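Common to both upcoming complexes is chain A, partnered first by chain B, then by chain C.
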Partner chain A sequence: MIEITTPEVSWIAILPELVLALGAVGVLLVEVQWKPATRVLGAISAITLVIAIFFTFLQWAQAGDALEVGGLDELVAFSGMIVMDGFAVFGRFVLLVMAGLGLLAGWRLVERLNRRGAEAIALVLLATTGFSIMVASNNLVMMFLGLEIGSISLYILAGLTEEKTKADEAAMKYFLLGSFASAIFIYGVALLYAGTGQLEILAIRQFFTEFIVTRPAVILIGLALIIVGLGFKVSAAPFHSWAPDVYQGAPSGVVGYMAAMAKIAGFLAMARILLTAVPQLDDSWLPVIAGISALSMLVGSTIALVQSDVRRLLAYSGVAHAGFILTGIVGGATTGMLFYVTVYAIQLIGAFAVVAVVSGPSSSGSSIDEYRGLARRSPALGAAFAVLLLGMAGLPLTSGFVAKFGVFSEAWANGYGWLVIVALLASVISFAFYLRVIVAMYMDETEEEGIVVSLAARWVLTIAVAGTVLAGILPAPLIDLAADAFSL
Partner chain B sequence: MIVAAGWYMALAAALFLIGALGLLLRRNALVMFMCIELMLNAVNLTLVSAGRALNDLNGQVAVFFVLVVAAAEVVVGLAIIVAVFRRRATASVDELSELRG
Partner chain C sequence: MLTWLIALPVIGAAIVALVPGRLKELHLPLGVALAVLPLALAGYVFWVFEPIAEYQFVQEAVWYEPWGISWSLGIDGVSMPMVLLTAILVPIALAASTSITRRTKEFVVYTLLLEAGMIGVFLALDLFLFFVFFEAILIPMYFIIGIWGSDRRIYAAMKFFIFTAFGSALLLAGIIALAVTYADQFGSASFALSDLMNVQLSTSAERWLFVAFALAFAIKVPLFPVHTWLPDAHTEAPTAGSVLLAAVLLKLGTYGLLRFNLSLFPEASVDAAWIMGTLAVIGIIYGAVVAIVQPDLKRLIAYSSVSHLGFIVLGTFALTSGSLQGAVIQNVNHGLVTGALFLLVGMIYERRHTKQISEFGGLQKVMPVFAGFFLFMIFASIGLPGLNGFVGEFLILVGSYSTLPALAIVAAIGVVLAAIYMLWAYERVFTGVPDKEENIALSDLSIREISLLAPLAILVLVIGLYPNVLLDKIAPSTEALLDHIEEQTEFVIPEPGRLGDVLVAGGDHE
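Now for the complex of A and B:
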């Protein structure tokens, strides 16, 4: 008789993703079977997210224990597919929290979608699953799968409205350019594989410490394509052309979530590949990343100056932020980058929650005229938006300032003084367009009546504003957490 | 006749370039979508020939995953293109220009 030994599976490494996927399926099945009130589906998704977040705490504890006894191998699970280091767990935790905030911010859209609301909830959970796998993957093909699970869900979310709006155009543009970026990314992976014979990130690092590559052309082209592919996903210039159109056209209830998720996962994946897999090649990629970073900051902040639509303005400011975050990767450490990505994601979701309240959750486009006199129509909403915008601009005592200071000082220490000077210049320019919106909200008169802010939106805005201010005044706990979350 | 793996990779690179250029130059959404599929197939050819040359199974296995992803993209992509076509009776991306600023 043949004995089959079942391999030991370290389930805890993917428990958050398992819970999320089950939750997504559960939401769809419950909807089909019982057609419950939307509130019930919301409760299911909330429970799912809470359980998944609970498991990230368990993972964090286990990753810390393994580090203490030096058992780094224990952190790699599923034959090297998944890695459970602090970096992955931190990224997952942030993604899960943003998913919760994103669902709250888009709740009015879910309610309006009526029976199709379940699809929106399930897609949010599935996108979170994908991006969460992406930040935790140790294998480039696994990373690609996570990227695609997340991205394909976002393509659908971008077109999911109950009204006939311009969302279909946004979905189409997002789909075509997003798939293009994915194809470029996976071709880069294939070339890296052809050059090194490895798909695992840790094995690739091993390869470069053991061998000196005499003809690195294929490897470098592969790496360049990976950078381009991920650059598209995080909307860094010159690969940002899709972002303004998609942010403007997609239903405002989900834009913040979409943008935040793609950026968090994209930057974390980029940092993992560049800093963990190929740190030996940094002579080649550091100048490229620094160039993309400088270009993004300048292009983003100057084009944002002339935007008349708040969403396009936020999209171009996102391009500038992509540049700022990339200075963190140029700095060679992940602490500042993790902090920046976290606080920026909160600000982004909060800002688009305001857009969703002002322009309606399924609208396309929100001209700056809609914001004139907003502070008089709803003082709390205006104040919240002002705080979030100032946080994005990086005013001292907001999280944006601490975040910028962190990444800039890392880049400075790594010998990229010119990049920091460009970044400071771009930060100054960016104040101009954020202030333009704030001035429109506070200085202009309006005849329009007050705005009713839904309970869900109030929660999101409270959390986002509190996070922005708290992380600005007391950043130490979050910075310590990010510093512990280094990649294997 | 034995063809060295390098030639397959060169063919794949050519296919990938054709796909990328097609995506950038053509204006019909369906044709652009086909170009993406062409790019993904170039990736598959690269993975298979690299796997064969390195005598390593990982490359061959990775192809299955890329195929599945390509299939999933077809499902969503065609649905989006059909939705746009129903509303506007055109699949040309040039006429999709309501979003601008």
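Now for the complex of A and C:
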């Protein structure tokens, strides 16, 4: 009798991803077999997300226990491929919630796509799977796999409309530039491997504590390439030029989701590599990140000033936000950054939900003129958009202010006072373009009719606005969570 | 209790917002009624307020422990008059807004929210909380100017917002820097004013922080040369907006200089006193000269504000008992008088739909009551003895003379200039024979309008005749501030400048 011992697998480390992947497959199979109403598919995806979120709670508890009793090794699973630290679990949780909001916001689009709606749902779930793996990976190749699963799903989503033209162009652009960036990223990983002999993030950190590298050129080039690749994914300047075109061209129902997911995963991955793997090299990368951050803030907020399309405006504001979030990494801590990414993702999805309502879920482009007098035509919709924009601008009593305050304080305490001053000036510039939209909504008159807001969109907006205001007035719970969610 | 001062207007705004839009006539009266509640509470606070140096009615609740931010409110002799002023002016400004027929409900909601923010700024003892209110005020004011203003309202609203937001950004940088330094030195985070006063700063750090704070507040005041947003915002804003802007919002700047710059950065304040004083005096003269040639009544009053607020800043940085008390009381005086003047201009604008001085003439004959009120307020504004403007300007000028004599002398020219532009404007608008046809048919003030102006006029007279009603409550706090400055620096306030001297406050101080 031959005994076959199976290696012990701690399945819980990837349960959320497993559930998501199964859900995606399930949606496709059910669609092929029974061709049910879209509502049924929506229910399946909702159940999938709820179960996955439930597992993140279990993971959170386990990660907390491991911290207390000291079994940190247990959090590294699958031979060092995956970690289940608070950082990963927090990121997963946020991604899952955003996926839920994104599906709700894009529901009108899914309904319009008819039989292809199932594809959209499955792609959303798959993209979530990929990015979720990305934030939880302890291995750079694993991280690349997650990045690609997520990105490729997003490329397809960008072109998923009933009519072609603009969305196709956006998808093509996103695909070409995106895969180029992925290639740069993996090349960076290869060089980092060449320099250290390690692919695991924790092992790389170990490497730097044990050895002093006298000629770090290869490692630094590798790191630079990784920063460039991820900088592209999060649309930080000067790697941002794709974002306005893609945001403008892709169907408005999915843009918010696309942008939010790529940003969350990109920033978390960047923080994990820079702050966990190579903190010893911070003399080299801190100035670079600070430079990218300053450039993003200034470029994003000044170019946004002259945009006449709300989506391009939001795209450039996203460039500026990438800069703001990077000040958190410059601050050398993850708390402020995690908080910022979370609240910004909610605002982004909410804002694009408004765009989808105003210009239609599969439209490309939405001129600022469409928003004239919106506060008169649809007071609730206008007020929701105003709150979200003010939140992005970072006015007090919104989550955006707390977020900015958090990352700026961290950066200041870490000796980057000049960056904080640049950031504050960029915030002032950014007020001007957020206010332009508000001017159009509140101070211009129009004769047009009110807009009917679908139930799903109402839910998204209610959650986004409530989140923005609540996290602005009572930020303590979310900051505490983010503070507990540090990386191993 | 102080929390209620902030909560009442917010609750009021919520109530008004819930009233259905079709009950249009109800919004404004309801708003006025709801704005009277905070006034009653503020009146009570004034009544039981004791003339001591410490903060009173202090309330503290931890907001977020690890960052050291807390909801901490308190009131002292510097903030109490401002809270009272705000609470008095909001119902009056609302009641004067009957000409706003479009989107009345929103207007009332924004005004009440504005009131909550303004009171919050004056009560906050935590710098984070202060900043939250300071910045939150921008939004309702922005909407008030931008929606109900006149032709160039959007430009003016934008200019107002960007200017002040720029100042706020510097202020925030300063607050962050101060709090980070505090955390370094004391090992725990705090934004409380009383804690941050203990931070040991190097001279250069203190000067940089002083500049950051001072610039933020100077934009708000507005001090020359960052005053350019003010005439636009004032001119384009609706009457209620102009009233609150002039009477309260500008005071955020002078209040901030007095409350934060002097107490947090005493060394730098003493060093920079002559710079701030010089800028203030330039503002006094410049504002007055420009006011002389303004063809538009509202613009004229706006520039007169630049001039008058220069006096307050001069008084603040002259650092004597008299000048500081004068600065605080002048905050109130300017609020009452300029508020009333903007109300008056608003009333004539509703009748004639113009603010151009050249369009008027001889109004005295057709609107004697209106002319009477106008002249009364003009006299108060130029500092006629017996009215409130005299008390403030006199205290400031006499107080400043012992520390900044040259500046005080130049500033005195501003008083003369004020008489010129105000009286000349009065002459052109009111005296002579009404030659324009539109002017002959004008109706005089209604009972409603008189009842709005009368309380302000009475207060002007009361403060003018018996300033100690306020000064007694102000003095302990300003004295404590001066003690703090003397303790922290080598600066000694020259002998005639301290309290107990004959010069101070009408003479009946023991």
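As a working rule, the second predicted complex is superposed on the first by the 485 of 488 C-alpha atoms of A that agree within 3 Å, B and C clash if a C-alpha of one lies under 4 Å from a C-alpha of the other, contacts with A are read in each partner's own complex, and residues count from 1 in each chain.
Keep in mind that, in the parts below, contacts are C-beta pairs under 8 Å (C-beta built on N, C-alpha and C of every residue); 3 or more make two chains touch, one makes a residue touch a chain.
No experiment lies behind these values; they were computed from the predicted model shown.
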| item | value |
| --- | --- |
| Which partner reaches more residues of chain A (counting touched residues only), chain B or chain C | B |
| Touching partner for A:475 - first (chain B), second (chain C), both, neither | second |
| Touching partner for A:179 - first (chain B), second (chain C), both, neither | first |
| Touched partner set for A:487, first chain B, second chain C, both or neither | neither |
| Which of chain B and chain C A:235 touches, first, second, both or neither | neither |
| Chain B versus chain C as contact partner of A:244, first or second or both or neither | first |
| Chain B versus chain C as contact partner of A:420, first or second or both or neither | second |
| First, second, both or neither for A:390, with chain B first and chain C second | second |
| Those residues of chain A which chain B touches in one complex and chain C touches in the other | none |
| Residue numbers on chain A that touch chain B, as the complex places them | 141, 144-145, 148, 152, 155-156, 159, 164, 166, 168-173, 175-176, 179-180, 182-184, 186-187, 190-191, 193-194, 197, 199, 244-245, 248-249, 307-309, 312, 364-365 |
| Footprint of chain A on chain B - complex, ascending | 9, 16, 19-20, 23, 29, 32-33, 36, 39-40, 42-43, 46-47, 49-51, 53-54, 56, 58-59, 62, 65-66, 69, 72-73, 76-77, 80-81, 83-84, 87, 93, 96, 98-101 |
| In the complex with chain A, residue positions of chain C that touch it | 63-67, 128, 131-133, 135-136, 138-139, 142-143, 146-147, 153-154, 157-158, 161-162, 165-166, 169-170, 172-173, 176-177, 179-180, 183 |
| Residue ranges of chain A touching chain C (in the complex, touch as defined) | 390, 395-397, 401, 405, 408-409, 412-413, 417, 420-421, 424-425, 427-428, 431-432, 435, 439, 442-443, 475-476, 479, 483 |
